[in-house]
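Letters A, B, C, D and E mark the chains in the order given here, with residues in each chain numbered from 1 onward.
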Amino acid sequence: MADAVIVLTLLAVAGCATAAVVNRDPARQALVLAVLGTVLAVLFTVLQAPDVGLSQLAVGSALTPLLIMLTVRKVRRRSAAPKDGRQ
Amino acid sequence: MTRRARLWLVLLGGAGLAALLAAACLRLPAFGGARHPYGDRAVAAALARRTANTIASVNFDQRAFDTMGEMSILFAAVLGCVVLLRQARDEHRDPPRPAEVAAPVRRYALLTLPVALVTGLYVIAHGQLSPGGGFQGGVVAATSLHLMYLGADYAALERVRPVEAYEITDALSASAYLVLGFAGVLAGAAFLANTLLPLGTFNTLSSGGVVPLLNAAIGMEVACAVVVLLARFLDQAVEIEEESGE
Amino acid sequence: MKARSALLALGEVVLWWAALVVLWLMLISTVYTLEWAVGAGAAGVGAIVARIGRRAVVRR
Amino acid sequence: MNGWLLAATAVLAVGLGASLWGVSTGPLGRRVTAQNLSTALLCPGLLLLAQGYDRTSYVDLALLLALLGPVGTLVFARLLADELAGDPPRAWGPTWAAAALGTVVVAVLCAVAGPGRAMVKLLIVGALLVGGNLIASRALSGGFAEVDRG
Amino acid sequence: MHVLPYLVAAYVFLIGCYGLATSRNLIHAVGCLAVCQSATYVLLLAVGYRDGATAPVFSDIAPGSRPVVDPVVQALTLTDVVVGATVTALLLALTVQISKRHGTVDPDELRELRG
């Protein structure tokens, strides 16, 4: 029984990682990465590593998405702004 | 090199790496095996030092020197971000207009901010007892402050978060870790040796000797580092504009 | 008027502080003196941040 | 061998499958909704795992997820407000279903825990989870309508 | 079951590398690097797992009452997660800087610009 839940979460991690790579738009990738962080936290819980799970939850669910989305916003605002002379 | 050639090269190299990794995986000790010599010794050492959370004991007692390395990576990464994302000469600050957020969202942010902050502090304080510790709790506490940005606007966040204070606290807590390490040397033991303080009663806040103090120092360091980091990113994404007529 | 608003602010902080101490006591497993002290300190930080945060949102 | 673990596996299978499928396909609105629901579906799973492993200290994980999951959704709701404005996701059916799942799991675990500090902690987790998810859904369906930039 | 976690870790690492190599956007590449990092977490924790054991945290169980998993790899992973996040932040800061200097975040266009 304990093995079933480990296999389930392992496969979910593999699926989530694939989805994170094939979604090429950074905003959509950030969404997948947020879910990947949560799924990894569940995997760490079933591997009996609650400390690591907490770490992953703290980082993956809010911090990494916020960093990526802020970068996306900055880069998009730059390319939406009137082009300067260097291009 | 064309894209197609590069893709072929990646696939070729990836296939080779995959074969090697698969071969290595098959030779690894079977998953879930009973033999963990290092783990068993680490647990025994942690219990001897009366630290209930063995992971905290490994991080802040048995491998405290490595954690100092991790901390300096963290510190250097934040320093790098601050340097990279500073305001350039051809940029100016353009404070964003106040945002109108839906009332329930704003109320939720205002209510959850203190709860999340106290939970983060709880996770830091109980690092050597229950799962948690400075690394996790620091991130939670720092994230909670940014509810002000999510539930209100950037100006409101800046009221809760004077960046300079966090930069100073970041440096202070990093040096607190070092000072605690050198205190061990002055007391006649090794750098970061856990001989300074009484070990206390098992499973209480004051157990584990110097572990709770190192844990708290890391907690402060991580919290301030994340706040400073996010402050630079928010500055760039929200406030700093380039001069249009260059 | 100033004294009244200061009193209100103090009341708000004390209310938050009490609520957060109760939260802390619910999160922990055993209660003893040091736990009270650390919890009270953390709740104090939380209460002050809550007050600053609410003022930053309301006063604009 | 352990009913709690069996229940946790079932909840996690549904939660992982649904959130993974939802977040990696379809229009942006549906993806954000799936990200929001992943919190609501996986947090009860974590609570059941804590009960299944008979470790009260694992409840901290669910507590943190219930606190930070909605925060993550608010990040997307705020920074993708422009893209979501044209087609605000309105998925109240799944949202209420997930909230009901969370409520049921927390209620059952509270009944098992009996009155005491552990029960209050579970109730706090439940309140944060359900409240956070409803608010995050509200934020997604036009909570940041007036935010243009900043 | 005996090798599945290791194979999953290897797969996650490889798929992350594939994403890195074929990425058309530096932000996406940083996300792929985060995927590669998570492979190391899975590998380390899989090495430390013990069947039927529980976490080596004795706040709610008596020491010695149940078998426990390896704490050393968990400590390694735990710090790695947080430090990895700050490294991600550093790379994203570099991306912002590149976008400012060159006006693009496509690695192929950047290569053409260099000449």
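The rule is short, and it goes like this: a contact is a pair of C-beta atoms (placed from the backbone, for glycine too) under 8 Å apart; a residue touches a chain by one contact, two chains touch by 3 or more.
These numbers come from a predicted model, not from an experiment.
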Query raised in the report: Where the contacts of chain B and chain E overlap, which chains show up?
Result: A, D
Report summary line: Contacts shared by chain A with chain D include exactly B, E
Query - Higher-contact pair (C-beta pairs counted), A-B versus B-D - result: B-D
Requested in this report: Please work out the Cα centroid separation of chain B and chain C, and write it as a whole number of Å.
Outcome: 25
Requested in this report: Using mean C-alpha positions as chain centres, tell me how far chain A is from chain C in Å, no decimals.
Outcome: 34
Query raised in the report: CA centre of chain A versus CA centre of chain E: separation in Å?
Result: 10
Query raised in the report: Multi-chain contacts in chain B: which residues touch at least two other chains?
Result: 53, 55, 115, 119, 123, 126, 130-133, 135-136, 139-140, 143, 146, 151, 203, 226, 229, 233, 236, 238, 242
Query raised in the report: Taking each residue of chain D in turn, which ones touch at least two of the other chains?
Result: 53, 55-58, 60-61, 63-64, 68, 71, 75, 149
Query raised in the report: For chain E, what residues touch not just one other chain but two or more?
Result: 1, 4-5, 18, 46, 48-49, 51, 54-55, 57, 59-60, 68-69, 74-75, 78, 81-82, 85, 89, 92, 96, 100
Query raised in the report: Name the touching chain pairs, would you?
Result: A-B, A-D, A-E, B-C, B-D, B-E, C-D, D-E
Query raised in the report: Considering the complex alone, what residue numbers of chain E touch chain B?
Result: 1-7, 10, 13-14, 17-18, 21-22, 46-51, 55-60, 63, 68-75, 78-83, 85-87, 89-90, 92-94, 96-97, 100, 108
Report summary line: Per the touch rule above, chain A residues touching chain E in the complex are 2-3, 6-7, 10-11, 13-14, 17-18, 20-22, 24-26, 29-30, 33, 36, 40, 43-44, 47-52, 55-56, 58-59, 63-64, 67-68, 71-72, 74-75, 78-79, 83-84, 86-87
Query raised in the report: In the complex formed with chain E, which residues of chain B make contact?
Result: 3, 6-7, 10, 14, 17-18, 21-22, 24-26, 28-34, 36, 38-39, 42-43, 46-47, 52-55, 57-59, 63, 66-67, 70, 73-74, 77-78, 80-81, 84-85, 88, 126, 129-131, 133, 135-136, 138-139, 202-203, 222, 225-226, 229, 232-233, 236, 242
Query raised in the report: Can you name the residues of chain D that touch chain E in the complex?
Result: 53, 55-58
Query - Of all residues in chain A, those that touch chain B in their complex - result: 50-51, 53-55, 57-59, 62-63, 66-67, 70-71, 73-74, 77-78, 81-82, 84-85
